[in-house]
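Right after this note come the structures.
One chain, subunit A, appears in both complexes that follow, with subunit B as partner in the first and subunit C in the second.
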Partner chain A sequence: MSGLSLRRLRAMLVKESWQILRDPSTMLIAFVLPVILLLIFGYALNLDTGRTRIGLSLQDGGEAAASLAGDFRHSPWFSVVEVGDVPHLKDDLVAGTIRGIVVIPQDFSRMAARGGGDIQVITDGSLPNNAAFIAAYAEGVRQSWTAARAGHPASPPPLSLTLRYWFNPGSVSRFFLVPGAIAIVMTMIGSLLTALVLAREWERGTMEAILATPLGMGELLLTKVVPYYGLGLGATALCTLVSLLLFGVPFRGSVLALFLIASCYLFCALGQGLMISALARSQYVASQIALLAAFLPSLLLSGFIYEIASAPRWVQWITLIVPARYLIPSLQTVFLAGDDWGQFLPDMGKMLLFGAVFFLVTRWRMRRRVA
Partner chain B sequence: MVKRFGAVTALAGVDLVLHGGQMTGLVGPDGAGKTTLIRILAGLVDADEGSAQVLGASATQMRRQSLGYMPQRFGLYEDLSVLENLTLYAELRALPDAERSATFARLLDFTDLARFQSRLAGQLSGGMKQKLGLACALVSQPQVLLLDEPGVGVDPVSRHELWDMVRAMAGEGVGVLWSTAYLDEAERCDQVYLLSEGALVHAGPPGEMMARVAGRVVQVAVPASERRERLHALRASGVVMDAVRHGEALRLLLRQPVDQVDPALGLSNADIIAPRFEDGFIDALGGADLAESALAAQYRTIPENDAPAIEAKGLTKRYGAFTAAGDISFSVPRGTIFGLLGPNGAGKSTTFRMLCGLITASAGTGSVAGHDLRRARADARQSLGYMAQKFSLYGDLSVRQNLAFFAGIYGLSGHAAREAIAHVTQVFHLSAMLDMNAGTLPLGFRQRLSLACAVMHQPPVLFLDEPTSGVDPLVRREFWNHITALVDKGVTVLVTTHFMDEAEYCDRIALVHQSRLIASGTPDELRTLAGAGQGPVATMDQAFAALIRAADTAREKAA
Partner chain C sequence: MMRWLAFLTRCRAMIVKEMWAVLRDPRARIILIAPPIMQLVLFASAATLEVRNVDIGVLDLDHGPAAHEVLGQMAGSPNIRVLVPLASYEALARAIDRRQVLCAVILPEGLSRDVAARHPASAGAVCDGRRSNSAQIMGGYLSQIVGQAGLALRGVEARAGGQNGLPGGQSTVRHMFNPNLDFLLFVLPALVATVASISALSVAGQSVARERELGSFDQLMVAPLRLSEILIGKMAPPLIVGLVNATLYLLVITMLFGEPLRGSLISYYLATFFFLTANIGLGMTVSSLAQTQQQAFLGIFLVAVPVNLLSGFAAPVDNMPLALRIIAQADPQKHMVVLMEGLFLKAMPMMAVLANVWPLMAISAVTLTVSTLLFRSRME
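Let's look at the complex of A and B:
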């Protein structure tokens, strides 16, 4: 064709900007949805382990039983909210005010003196995670109690382990979830929105009309990338401000680093969005593909919520081709630790590489044909 | 040019030459290959065989500045204003800045859109969108103008205005390709390419199509009481290739010139009239199927009844501040055809859906077969057969499954259902495609299946929303043959159409324009009314255009 024409580019950019500003759904996805997401990840989703409420049925009056009961009361894992008989506590368990019942049976002190002593743990099997957690930790409390009584309580333990969390001393999950949420927002704007706007042009028949003008395919792609890159940066800035002001997330890195990281990822996400729209010409199909190929992997396979290192080996291999996987550690670092270019640069390089592949595939697949 | 999509051949070796300064018509029913051909010429589709040269270069490599292309859906950005759309296309087509203001002023004046420059394209009426689409295609003074069905769904007044604008462009030397499913538009072109199922049926001046049937098209006055017997006799004679009603008269296409026809048929006093393009098309396709309707032969006779079969009293539907249908009143006696005519968006379908009980009227009342829509909606619905405008069967179910489903929801079961399905299968020639998915049927068969589903339970009232939209004239004849025969059995039919010639089949017609009923009467009455005291106008199309102009004038005076 006739090469790049600034005039055509400008006309298309003006058109695209008007469409973004006049389409309420675009503004909704770009500015309202991110805030809602942040609020959800910031307030509602909490991965911290707190104290679990249990009931305690102490059926033995001996000293050993009372000592074990004391350990349960002081345990960092449990909060004993009820003491009473089993039938009474069972009602509370059914009602959900407590998650489990620990029973210290009648002959516990006598058995303990002989080196034995079993306790009974009753949990709600319909909540298997809770049930397993309570059973395991109750057993843990009993074992450490046994060990303490068998050994010399007065002497200090030969080795002690002290946990210190760096960068996130309170171990507040919100602090690493919020930067992750920014990654999700960028994925939505870069991949989902871009895939939708191109599919919309096909659906409404406007693509057919502009393809019959001198507009080149390269120009068309460029005018789709630029406005949504701007939109993506805007949304990132908004999310950052909300994180800092509302959630008090620390920001220890530099704005420049955040800008460069975000730009690299947006390049990659926009490329993915355009590639999807080169393959799907209906908004419905485009949104399904964007959801499955971009949004869900960014949410589940990027290390945002689930630790990649604890996933099965083959899942870990899959995460290697999820671009958000290279974004989230850098984002978390720039927020919580500071500028670590040794980490940023290789991740940025990988994101740019993905983006380049997406754009090449798009350019190869996008033909100036309607059928 | 040859183009295939999978097993379907969209174009089977079509040659076409487009000359500058001429209006070339590309004519044919839906699915004939018109859009594919235009897209090949616009460089948007590659031909499998053959080639397309536009302005001396291959279509995909041409100078696109010199091409004006208006796709079927106009290619307008609905969230941009009139001026912003125009500006976008001016920039894309490299209109020099110096010429911009003069060109815009000329186009806005030409299309009468100057008052609406800042209105969003999505808020324009169908006719105005069309004109804006044309203005965007014309903005850089193209040498070639490709227009894909610019006349669809627009009121006759706008259609005529659009035609005049494009004609003026052709007068300046532009080569225009105008695609249409309306055969009357073909008559006015300089050259016509007639497509049917991807093949070229005719290429040349439209006069040639009319000339091939010259002297064989006659009109004969027949009193309504004798019409059936006369039609029967004419069919049996084998001389007639096509017979349609024209008001109180019959319009016939004969196999031989009228003076060579057996005098016993009583055509000696028939008037030889000017043939239409469609007559030539039907002649080229071998004549219409004029057999007695097998559907009506086995249909029950609907009992006599003095009460109107369909009644609308002041039906009104408002959506917020917008009135989709305002104060629509009419009454349809048993055993007659009532036509609702009007452009897209005029309020026909809204009126239709209120009478079917599909939407609730904001004001007014209606009844179907004596069932009041406010109180006995379900009974009203059970006594009508409904054929929706858009294909509303299950595309992923087979023909057989669709028939079984519709038999079921209309309360047919067991033996009755099997018999009804077998019957419509035979009547509509569906037996070979019972196991095909409905969505993959050719258009004509999809329409047949839709009608089959609507009549299986032999309802006393039929609602047909644009039943013949987009199908070829032969399928249209077949449909009307069934419909008129059912009416003789006492069935009452409410039909919408935008083919003005089909209005001739109706006993009474109501013209709907901008949500209002602007005139109603028999076809002859409306033609006379439109003549405004100077004798009836010739066609329903002209009548409609005249009545719309009169209504618009009256409204402007009142305002």
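Let's look at the complex of A and C:
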């Protein structure tokens, strides 16, 4: 096999790019999926709880009880959809039509007149976050009712905490979801798509045909990878534009930094895709491995939604070999904080290292296959 | 009678052929069973919205009894792993920038003096808004810790159940179905829906597309089989694999995680059956539209991601805007999450189960009809 020939390389690149552009499914993944993801992340994944449906059990006929019940009805946190006795409301809790029950017990008005007045809150613990929210906000409604009744605002606690969120003062969840969406899209294109395409070549036997051409192994890998690299960058640019224009996500870093970070990750993801295809050789197996080894970890084990430090130790060890783990912090920083090369460079180095290992394994596997 | 017998024989032949196509490759056999179980175990362990073991910075400019009390309370918190002492505001900014700490607490000069003088005193905290989700949760913990330290300094013991120990009543809280609000108990049932859906969609998605890619679709058309028989054969592998896997999930959850199935076994399989048929319908629809296996896989993916994200697992459906709440009603996974939470945690009775199963039946009927029509149009 002769050395690198630019003419040959160009011809192969044109062929591969055409193949991509001709297939509508590739275009769907590169340009429709990112928009769907961003829309869902922007509008559907609202981690900030809104009005929660609750049931109210008013067991006291007094004026005080009615007044507190009125406060619950008018609270911006709750919408009282059901009023009745506790056993009845518990059935609704099981059916999931309400998420909590506030019980104003029999002697509430009498106790309230003496400055007391307890209530009971029953929540649906099957949704732990909602349950904690209901408990805290129901107590909040009761406290402000008590304070208003006593004619003076609740005395301030002796010591309080003033919280500030840097980089995202309003704690808008959209802002932190966008880097995650970009990571998912790049993983899809880099790993899943590449794995499928090459597995198909193996499945159909066209890989052997290409290997029989004077193309070198390095050139072959290059021509397979470069078009997808371009596609990945295009999808990243689309995600960035949509999130800036539609969702007003800030972009405080430089385009150069984003480009370099995305390139390093794509190098790694493409290497992973090639490796999976070389190991699997069938499209079905390749797609399932890519899903399990690339896509789901980039969503669940990358620290994008769930805090890595909070997971059990053995899971933390596994996250060390999830490339997206080194991508998410840099993406979050380049969008929300600005350029911080002291953080970018080590993470970029790790992504390149992973990529290099993946490419080497692929080369070695393919040599053995052909021999 | 004879006609029925012939129908059953042909169906059996078709099912055997389809099962064979799926199970032939030894790697594919492993892929059908092992990953779903791995996903269940690994992701159940990873997916927690609690924030534990994180490092928190402290900039102590007070050095008085109030600072001592706050630091003592923080050191005792299970959510904090290490308290990192910070010397200056610059050090604090660097620690946040470089993600050494998630939040940093600032105890200003004169804090102890204000507390001793019974002025309302305030400490500060800075959190890393890039990780806004964890930061908000941690911010909540820190507010609670500082508030408690304040009460302790005043010599007021925080009352059980009460928020700040002030007199004048309290609320008694009971969390039904999950008294300690263990996040794992929520994640496990929801993951059954996610994992089962991915598995059924992937298997059903390749059904028609592979025949077309390999060219055997033409053979199928000229085979002496009716459309219904072909479709029953195509539905069999994802359904059988799905039911076997559902049994394994049940074993893993009850044996490994010690979480019992509180609802009835019949309800569990009823829900799983119709959830699988709904997903198979979706998968076969995509498969009939696709020209190649690659298109089928990518199409499945395009369907699976929104189906998963709108299911209420990642964020409650209640919080979504009205339009998306309506769309979510057509999402089989949304109903399955309700059913699984209900069956594992709430001992959901049969009537409530049926109320959530019928939407699955309706979705199955629609998706299976659409895929049949598409399949037929492909045959002509």
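Note that the second predicted complex is superposed on the first by the 268 of 371 C-alpha atoms of A that agree within 3 Å, B and C clash if a C-alpha of one lies under 4 Å from a C-alpha of the other, contacts with A are read in each partner's own complex, and residues count from 1 in each chain.
Everything below uses one rule, namely that a contact is a pair of C-beta atoms (placed from the backbone, for glycine too) under 8 Å apart; a residue touches a chain by one contact, two chains touch by 3 or more.
Not measured: the values here are computed from a predicted model.
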If you count the residues of subunit A that each partner touches, which comes out higher, subunit B or subunit C?
C
Considering only the touch criterion stated at the top, classify A:213 as touching first (subunit B), second (subunit C), both, or neither.
first
Which partner does A:289 contact after superposing on A: first (subunit B), second (subunit C), both, neither?
second
Touching A:8 in the superposition: subunit B (first), subunit C (second), both, neither?
first
Is A:205 touching anything from subunit B or subunit C once the two structures are fitted on A? First, second, both or neither.
first
For A:263 in the superposed arrangement: first (subunit B), second (subunit C), both or neither?
neither
May I ask you to decide whether A:120 touches subunit B, subunit C, both, or neither, giving the answer as first, second, both or neither?
second
By the touch definition at the top of the document, which applies to A:19: first (subunit B), second (subunit C), both, or neither?
first
Would you please give the residues of subunit A that touch subunit B in one complex and also touch subunit C in the other complex?
23
Any idea which subunit B residues touch subunit A in the complex?
5, 36, 39, 42-46, 60, 63-65, 67, 69-80, 84, 87-89, 91-94, 136
Touching subunit B in the complex: which residues of subunit A?
5, 7-8, 10-12, 14-15, 18-19, 22-23, 204-206, 208-215, 368-371
Where on subunit C does subunit A make contact in their complex?
25, 27-28, 31, 35, 38-39, 42-43, 45-55, 66, 70, 81, 96-99, 105, 111, 115, 118, 120-136, 139, 142-143, 146-147, 149-151, 153-154, 162-164, 166-179, 181-183, 185-186, 198, 202, 206, 210, 290, 292-295, 297-299, 301-302, 305-306, 309-310, 314-316, 318-321, 324, 338, 341-342, 345-349, 352, 355
Footprint of subunit C on subunit A - complex, ascending
23-26, 28-29, 32-33, 36-37, 40-41, 43-50, 52-53, 90, 93-96, 99, 111-112, 115-132, 135-136, 138-140, 142-143, 146, 150, 154-169, 171-173, 175-176, 188, 192-193, 196-197, 200, 280, 282-285, 287-289, 291-292, 296, 300-301, 303, 305-307, 309-312, 314-315, 318-319, 329, 332-333, 336-337, 340, 342-343
